[in-house]
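When the chains are written out, they are named A, B, C and D in that same order, and each has its own residue count from 1.
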Amino acid sequence: MNIAFIGLGNMGLPMARNLVKAGFQVKGFDLSAPVLEAFAAAGGTPCACAADTLQSADVVVTMLPASRHVQSLWLGASGLLHRLRPGTLLIDSSTIGATVAREVASAAAALGLDMVDAPVSGGTASAEAGTLTFMVGGTPEQLERARPVLESMGQRVLHAGGIGAGQVAKACNNMLLGIIMAGSSEALQLGISHGLDPKVLSDIIGVSTGANWVLTNYNPCPGTLDTAPSARGYSGGFATDLMLKDLGLAVEAATDTGAIVPVGSAARNLFAMHSAAGQGKLDCSSVFHLLAARTS
Amino acid sequence: MNIAFIGLGNMGLPMARNLVKAGFQVKGFDLSAPVLEAFAAAGGTPCACAADTLQSADVVVTMLPASRHVQSLWLGASGLLHRLRPGTLLIDSSTIGATVAREVASAAAALGLDMVDAPVSGGTASAEAGTLTFMVGGTPEQLERARPVLESMGQRVLHAGGIGAGQVAKACNNMLLGIIMAGSSEALQLGISHGLDPKVLSDIIGVSTGANWVLTNYNPCPGTLDTAPSARGYSGGFATDLMLKDLGLAVEAATDTGAIVPVGSAARNLFAMHSAAGQGKLDCSSVFHLLAARTS
Amino acid sequence: MNIAFIGLGNMGLPMARNLVKAGFQVKGFDLSAPVLEAFAAAGGTPCACAADTLQSADVVVTMLPASRHVQSLWLGASGLLHRLRPGTLLIDSSTIGATVAREVASAAAALGLDMVDAPVSGGTASAEAGTLTFMVGGTPEQLERARPVLESMGQRVLHAGGIGAGQVAKACNNMLLGIIMAGSSEALQLGISHGLDPKVLSDIIGVSTGANWVLTNYNPCPGTLDTAPSARGYSGGFATDLMLKDLGLAVEAATDTGAIVPVGSAARNLFAMHSAAGQGKLDCSSVFHLLAARTS
Amino acid sequence: MNIAFIGLGNMGLPMARNLVKAGFQVKGFDLSAPVLEAFAAAGGTPCACAADTLQSADVVVTMLPASRHVQSLWLGASGLLHRLRPGTLLIDSSTIGATVAREVASAAAALGLDMVDAPVSGGTASAEAGTLTFMVGGTPEQLERARPVLESMGQRVLHAGGIGAGQVAKACNNMLLGIIMAGSSEALQLGISHGLDPKVLSDIIGVSTGANWVLTNYNPCPGTLDTAPSARGYSGGFATDLMLKDLGLAVEAATDTGAIVPVGSAARNLFAMHSAAGQGKLDCSSVFHLLAARTS
């Protein structure tokens, strides 16, 4: 099977490499020349422009930074959708607005093309290891068509619903992640301000009703968990700016339907403050420090 | 050992009964006559006033509704602290402000009395079954003195730190519980507003980074979990008004130290709205419905 | 001068009538037939489709419900921008996202067309009376071209900055209006919950540092101000759903630039709750009742 | 008339001086020796302890930092309330919780004493100039008794309601002030992030529905208003820490009655963050800078 892969960034390149390893013929494109070289070194076929990857493609995988890149790749006067053969399957693994995913899918369907949205959960390490989770929107048939490709790049393929549902599910999960990251930080800082030991408090909450994945696996307070980004100066992990992007998508998804997200909005604004204060590249759990009370 | 038990309400009565069962001599007091009768029927010694329970008491357990009840029992012109023999141990299992706990403990220490704060986690069913969790503030020695009594009423005794730390730990946990309850509701409602199935979305989040105790064990959306209050019309469980009380204590604890709790405050105000709308007696997970988007 | 007017709704029709009264030749279009008849009765020339209004137009005024209507009118495969003669001036008085305004203006500029964004402040009564305020984005020269047309429909023409700045200024003002409406309601309800008379409290705040236009001219509490919507069952005025739309635009504008809007977001979610509770058609000051504390 | 004045701090000293100037016999106490000297130099009679001021006092004015100081002065084992002659009038101008005001007034009434709460609006400059505003809680008769004293220190005496209502009115006004300060900052920063000139935007909002006292008289953005603290490096004015204290009192007042204050709580947490970041001594309008978006 011939696969076109567009967008060979920090996530896209290891994903495309895993497709090559799985035996697919993969043509790839990215604006960055060094990245194309790395892709070639891994056995992929680099192309000079996005359109060149599409020749004879059975499946196109896109991994782009934001909604506008997906829109301008496929839609509008210079869009490439009409270059695809009917029956081609589009898998968009970018994290974008559900509305845009539906808009592209609708234009694709009009040309006899299938499309699923399949944003990922997991960072660059998971992309390398092929252990990503895909949250997929599309029909069951489309999902089955996409499955062999997705399973070559990831460990889990979760069917969220119809087209756009993958994006919505990711936005919901990551909004909740942001809420719990900020909320756990507030709880620990509140305890610290009253003299409690954050490790003791984490242990207590961890066996109580406030227990959650963040506190157990990603504790934002330095000294509580050796394996968390907080133990290594908040390097690696999931950057504040990416969290802010995802919370922005969640808030926009809420605006689209009139949904009510006061707690999610409060979290979004905390990460916006943290980013504005220059911490956008640090792991998002560093928001813990934004929430420290006065010590005097 | 002689125990005085003051406050035989929904929680206090079954706790006191478990002390009787464990072989302690227990004198009890409550303002309600029927409750005193039930206490007598269980083998306790009912008293006509709080002061009468204190005669020859080695340990006093209090389980009162709010800070002001604890203050007026022990402090001020009519306070009973001076009626206790030096060396008596006070165990306050009421959920009150840490500041008040420290104030009472300080007055107690001046009279040669020991005190621990030991608020509970778990509802009336846990109180009956003797499976409560105690979050305890006090010195290690005080905790060891209290342990046999606490272990007769509960399953777990967690040492949070010095005096008041039990109250702070409970406030932190329950603030985070309220945040996650509201946040999980927002995430599910956001998904529903975009056409996702809340059961499917819960399953996806449950294996992702947003995973938490609430979603897995206490899912607020009807139809997702047979054992949750949402499956039985939000009866039983942890009432909205109790959640509101605990979030109020958390917010006041934050005011005391200048702590920063934007997400916790947003949650507190949601439960205040829900209570004001007449839903104070329902389980707090019914806040899910306050967060439903327009369906048109 | 020939004017094309597209969108003859509650606001557009009286605005177009004022252009006719001022002596302009006005061709108009709307999807609603009765509205076109009313426009004809007022001396305007009704057209069967939007394109027909554009013949020989020197200026086009658009007054449409949302971003997507403006986009689909002018842009894309079926967009009408290319039907306009170079030199034509577009005045968009719709309330839409600044990003969309800039996108349309950019496409217009490529065809030699001028465009200003000129959203209005003031309701249907101001539209009838010709006393609207326009917040305008564009170059000073474009603003001067638009001025005679705008001054035939309104009382004040405020220059906010370059293209899109009119939309941003309106979003900023209306976000602040929403914040102050909610905040004044909270302050009054807090006072009421402590037994204060809301009229007395309004008078005190009105001469203090919390003074604002809402409290003085638009008091949300019934019985405090005879001329406010609160005195007539929250009819007329500025509907909750319109406030929610504008707060949504403000939040999206914040997402676009990473701006920090915690207070604005809290307000947005209150109006979303109020709308979801079925109060979308009432004047937005009715949010006062959503914020009432328990009376028991 | 003999007046006792307890608490000669930044506000209390100039207030007491104005009483001396008005011809009252004023005995004063403060813990600070230099302050007592300054008081003596102004013609007051300094006392070695609070109790000494009370000899033959007809009226006692207190101006203390927080609730606990007022409580410990009057109540409890070492409280001085019983040292006053029946018929003495207490005027508490401290800014404290309404609940504490009512508690003290109730104890005072039991001893045949009158008490009004009379917190002030206006800073040290107003205290010097005798142009403070008093928000008073008490009966109309008590207010008339207090009026000559209050009018010697201030310009306006506003009757808010029964005992405690002065504190509630101040909390409500200052909560709204904090909301509008934060909200106006957000609106201006949102505009700036989209390229608008904050002076132009302030002018537009100032004639629109978002108009408020802060924007016109206290604009937080440097360069917009020569007379505001923002024009002089945020020196003088109303310190962030005092704003935080007042918002804390407002939030606690809401907790007392179950009132709903999501917007006020969001504002409170912003000032808590600003204080925690070390800006507590700056004028509160400097919160503007906490809300600046990324510029890159």
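General remarks:
Methods note: a contact is a pair of C-beta atoms (placed from the backbone, for glycine too) under 8 Å apart; a residue touches a chain by one contact, two chains touch by 3 or more.
Predicted model only: the values in this text are computed from it and were never measured.
Here the chain-to-chain distance from chain A to chain C, counted in touching steps, is 1. Of all chains, D has its CA centroid at the greatest distance from the CA centroid of chain A.
Ranking C-D and A-D by contacting C-beta pairs places C-D first.
Centroids of chain B and chain D (each the mean of its C-alpha atoms) stand 36 Å apart. Averaged C-alpha coordinates put the centre of chain C at 39 Å from the centre of chain D. Averaging C-alpha coordinates per chain places the centre of chain A 49 Å away from that of chain D. Across the assembly, chain B contributes residues 254, 258-262, 265-266, 269-270, 272-273, 275-276, 290-294 that each touch 2 or more other chains. Of all residues in chain A, those touching chain B in their complex are 98, 121, 133, 135, 156, 158-162, 164-165, 168-169, 171-177, 179-180, 182-184, 186-191, 193-197, 200-201, 203-205, 207-214, 218, 250, 253-254, 256-267, 269-270, 290-294.
For chain D in complex with chain B, the touching residues are 76, 244, 248, 251-252, 254-255, 258-262, 265-266, 268-270, 272-273, 275-276. For chain C in complex with chain B, the residues that touch the partner chain are 262, 266, 272-273, 275-276, 280, 290-294.
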